[in-house]
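Below are two complexes that have chain A in common, paired first with chain B and then with chain C.
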Partner chain A sequence: MKFDVVIIGGGLAGTSAATELQKSGLKCILVADGLSLYNCPKNEFKAAGGTVLQGDRVVSGDFEDGRLLRVYTAKLGNEPLEAGQFVLATGKYFSRGLVADMDKVYEPLFNLDVEYDADRPSWFDPSFAAPQRFLEFGVKTSGALALKGGVPIENLYPAGEVLAGVSSAQGDATEQILNSARQAVRAIRKTDYAGE
Partner chain B sequence: MQENNISTGNFEQCQKCSLCETVCPVMANNPDYGGPKRSGPDGQRYRLKNGIFYDDSLKYCLNCKRCEVACPSGVRIADLIQQARIEFSQKPPRLRDIMLASTDQMGPVASAVAPLVNFSLGLSPVKGLLDLTIGLDHRRTLPKYSSETFVHWFNKKAAARQDEFKKHISYFHGCYANYNYPQLAKDFVAVMNAFGYGVHLIEGERCCGVAKIANGMIPAATRDAKANMNAFSKSLVKGRDIITVSTTCTMTLLEEYPELLKVDNSSIKEHISLVEPFLYKAIASGQIKPVWKEGWKARAAYHCPCHQERLGLGIFTTELLKMIPGLELTELESNCCGIAGTYGFKKENFRVSQLIGKKLFDDIAAAAPEFVACECETCKWQIEMSTGVPVKNPVSILAEALDLEKTSELNCA
Partner chain C sequence: MPSKNEFDVIIIGGGITGAGTARDCAMRGLRVLLIERHDIATGATGRNHGLLHSGARYAVKDSESAEECIRENKILRSIASNCIEDTGGLFITLPEDEEAGFGLDYQQKFIDACQRAGIEARAISPSDAREMEPSVNPSLIGAVVVPDGSVDPFRLCAANVTDAAMHGAKVLVYTEFIDFIREGDTIQGVQVLDTRTGVKAEYRAPVTVNAAGIWGHGVAEKAGVHIGMYPAKGALLVFGHRVNNVVINRCRKSADGDILVPGDSVTVIGTTSTKVPFEECDHMEVTPDEVRLLLREGCALCPSLASTRILRAYAGVRPLVADDSDPTGRSISRGIVCLDHETRDGVKGFISITGGKLMTYRLMAELATDAVCRKLGVNQACSTAETPLPGSVDGRIETVSKRFEGKVTLGQKGAAGRQGDLVGKLRFDSDADKQLVCECENVTLAEIKYAVAELGVRSLGDLRRRTRVGMGTCQGTLCIRKAAKALAQALGDPSLEAKLAADYLDERWKGMRAVGWGDTLREMEFMQRVYKFEKPYSYDEI
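Up next, the complex of A and B:
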């Protein structure tokens, strides 16, 4: 199936980016895997004409020449979702946007470059209320684009908590998450208009 | 999802986030039900220690599987609940439950005397009597039986010409299309034939067993499952994929056989497809070409059945229907209709069943479509009874909207 934008992740960042993009006339599909928001925000997206895959998850993607061409989901099987642009809004550890091993933190879907500290004891502070560094880890970017093997993927935009430096533990978390989503939306709109 | 996890139904992955409780249609309407989290993964911890922790309120679960769709951690919540009912419920199924569940034993009997059955089941004194004696709710409109089964019609009228086609599929019709509503199966044959596929019955097809699972008749359901797996393997030897029309039958064949009945279905998993994904992919890839009727117009609202939500294949239905130029399609918010197969027929569930469906009924009334598009047969009964709006299966919509003759000319050449 072909879309203008595939949004991976149905949380705050994914849903708000999807709704904005759909409203600006792009044909969007939201794969709402992981911990996802329910009816209100999604109904706004659907009312704007968007498609939601609820309870499904992206399991792999095909890359070529620094671009993501298509992704596959668990339930649609061999039917790919093709798109010009992709938003990655899979969140942090709970929703499996990031996985923490004994020796590294990685992004499990596309193996994107992740910012973290190799020194594991420095990841957390034993004091519960102290700022926790592991919450700062996340996907590295160049501008609005995700990096993979040090090279920017020219149509893959991370948004929300999957990003390095964006964390729900901070006071202005909602604003940070929405800002990162807006940044992705602006970047996608720019490429879209440039393409016309 | 953790791959090495060995806990039943993945229950140790439950993080107690309670998202499942926010989508459970029963919990919102029946205070006697503890909800999916407590009945599923939480209860499982206790039940593993000792069966005395089994709670009879698990019978209120209607197995819509919305909890599983919502779960961010991949816990098979509804399966855990059904598994616990199978393992620990002490109550043998009542006569009513056996009657409701034995669709392929009741079907032939009822079809043989269909006019009499349909007439008497429509009479209020009869319904009152059934309510009092066996607990079948008198307010429920009971399904009609067809005097000629689909299989009988097919063997008489359609079977002979199926070998003339170049491509072939096997058709799992299920009990509903055979005994209650053969028109759906006839529409299926018409559409598949027009696209150039010969349709073949599956010799020895039995009921998928879902109603028996829901009513605690596990040995009978397991026998059905094994018989079906045998029948399928014969169809696969001939190189024919198995196409289904009922979402619930499909979910049962794909998910419940291995999870609940412990019947291995790995040999057929890749070869069973619902008709909508099958046709969508064939049209999108250009293997078959539809010709639509000039000037055909309709306004429909799509209701995605719970088990279609669970399979995650509803997008194929909507994308397929969007291909019809004359169809104006709105999508209804995803909500359970409340009937859940045999659940809503039972006297003790009728009130909750209608309460669960209310949001959907109101949405349908507000959308005021000419008809509701929906893949599920029991949703059809519930929506038609509760809203008065007719419900059409996507296959029947295709049969109406396609110019079958021209489609056939284009695809059978």
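Up next, the complex of A and C:
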């Protein structure tokens, strides 16, 4: 299946980016794992003509020359989702956008570059209510693009809490999350129009 | 008529040894004061495996400890049935044990030593062991069945304190020992500080018992006597569900992380043994290396631990009596040390009871009380080995549940399991009283009210030690504000709610930080999401 944009993750960042992109005339698919949340924005996205792949999750992707070509999902198996652009909005640890091992934090889908500290005791403040460093970890970016092995992936845009420095766990981060989604949308529109 | 500040005996320390000694002294008719600077069971008593040792672990090297263990094991089964679960235990031999010289020859030596100590031990085939405990490492080459079990040390300690109070003992928690009142070479009492109010007080008694565990070292120093204590830290990990149903041990020389104990809804692996400075005993943190080691050894006993969420880590300090020649503390006897400082050091009216272990607390209490009675010239025999603890008189849930009218709820059943035959004291007057506050452990509002009214609960930590509130798989994530609200109201000061919750969360956070990766870290992020202190979405606004 071929789309203009694949949006991975059906949270606040994923649904708002998907809706905006679909409304600007791009053919989008939203892969939304987990609970049936954010139904209102999902419905808006669907009303604009978008496709939602509910209850499925992306498991891997093919890269070539610094681009992500296609992704595979758990349920579609060998049938990939191909697209010109990709948004990664998989969230932090709880939604498995990031995975922490005993001594490292990684991005489990594409092994993107992650900003973290290898010294695990430094991840936490002894006071529960204090800011916690582990919530600051996330994928690195160059402009709006994800980095893999230090090299920008020219069509992969992380958005929302998967990003370093973005977390809603300790306070309201709605604006920050929406801004990151808007940044991805702007960058995709720009690329897309430039390509036409 | 003696003043209210005068007693026959003052006991310092509200761990299991102090609690047991208070009970024994009170049952022998003495006027008893028990002081504890925090809550009961906050030291080593609440920071161990919760293993009801058969004694098999000590059989080969320390037959005296082994014999003590099996005797007390049988006694506890009869007097503390409500605190004990008869899980049975296995000592397994793995291929790597054989390579290290602890193969089936050693297993036979182990069985012989057990039998000499009076511990029933019989070898079973590896396939029978796997049927008995499906989670056991399938590569085992041998297994021995022993009468191990699990014991809830919080419940056991609380039952002893309750019984002491029922026999007239005065129990003061959050009351810190400051110094002795001394007249020449005689200890006449203690100065204490109420750590909540900052008020100082003096209490007098002809005999003072030092039952302060590792902190007993400092207590003795205040009396000018030296006990060469050896603070041996032991770290443990709690797993998110009950992986095994039988205690699993390694059949080899005692080492780190070789006991896996199922207790209530969880499984505990431990321990390590490292000497720590006395200054650190109040602030035990489990290190990444200890976690790594416990996980590695735990997986050798039970491979599925590798993929099981770790709830938390904790550590306690064994109050061993030192032998400077051994740097690990492993070869020190876990034996009981009862010191009469009059004969030993020329200080009158002062006894220290230390060493030993959770399993032998009753015997330690008996020895200490015998010594107290000798000093006071009291001739009363010990009856703690025959008299069931409150809650264990008839603790069977079926019997206890008959005390409730109508259909027994989950919360009532849970309370019956925890409070045993004392559950009749819970008041289920309204529907609200039957509401569950903690859904992991089935704790009702009625049980919280009871714990405040009858068990001296002042904080959520105290409440946890009496009712298991917040001890289950969510670690308080989903219940702590409810529990804090209920507790604050039961304490008569609703404004305490936020402080009670914050203190409790810091304590849970400490145990989770040490194992903060994988699914535990996911839980930690979730916990942060649920409780956003002083943030736009505070609990009250939801």
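By our rule, the second predicted complex is superposed on the first by the 188 of 196 C-alpha atoms of A that agree within 3 Å, B and C clash if a C-alpha of one lies under 4 Å from a C-alpha of the other, contacts with A are read in each partner's own complex, and residues count from 1 in each chain.
To be clear about the criterion, contacts are C-beta pairs under 8 Å (C-beta built on N, C-alpha and C of every residue); 3 or more make two chains touch, one makes a residue touch a chain.
Nothing here was measured: the structure is a model prediction, and the numbers come from that model.
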Side-by-side fit of chain B and chain C on chain A, or clash: fit
Touched partner set for A:135, first chain B, second chain C, both or neither: second
Partner chain in contact with A:53 - chain B first, chain C second, else both or neither: first
Touched partner set for A:43, first chain B, second chain C, both or neither: first
Partner chain(s) touched by A:169 [first = chain B, second = chain C, both, neither]: second
First (chain B), second (chain C), both or neither touched by A:94: both
Touching partner for A:102 - first (chain B), second (chain C), both, neither: second
Touching partner for A:121 - first (chain B), second (chain C), both, neither: second
Least Cα gap, in Å, left between chain B and chain C after the two complexes are fitted on chain A: 5
Touching both chain B and chain C, residues of chain A: 94
Residues on chain B engaged by chain A in the complex (per definition of touch): 15, 17, 19, 22-23, 68-72, 277, 281, 284, 309-313, 315-316, 318-319, 331, 333-334
Chain A-facing residues of chain C, complex: 288, 291-292, 502, 505-506, 508-510, 513, 516-518, 521-522, 524-529, 531-537
Of chain A, residues touching chain C in the complex: 92-94, 96, 99-103, 120-121, 123-124, 126-129, 132, 134-135, 168-172
Residue ranges of chain A in contact with chain B within the complex: 1, 33-36, 38-39, 43, 46, 51, 53-56, 73-76, 79, 94-95
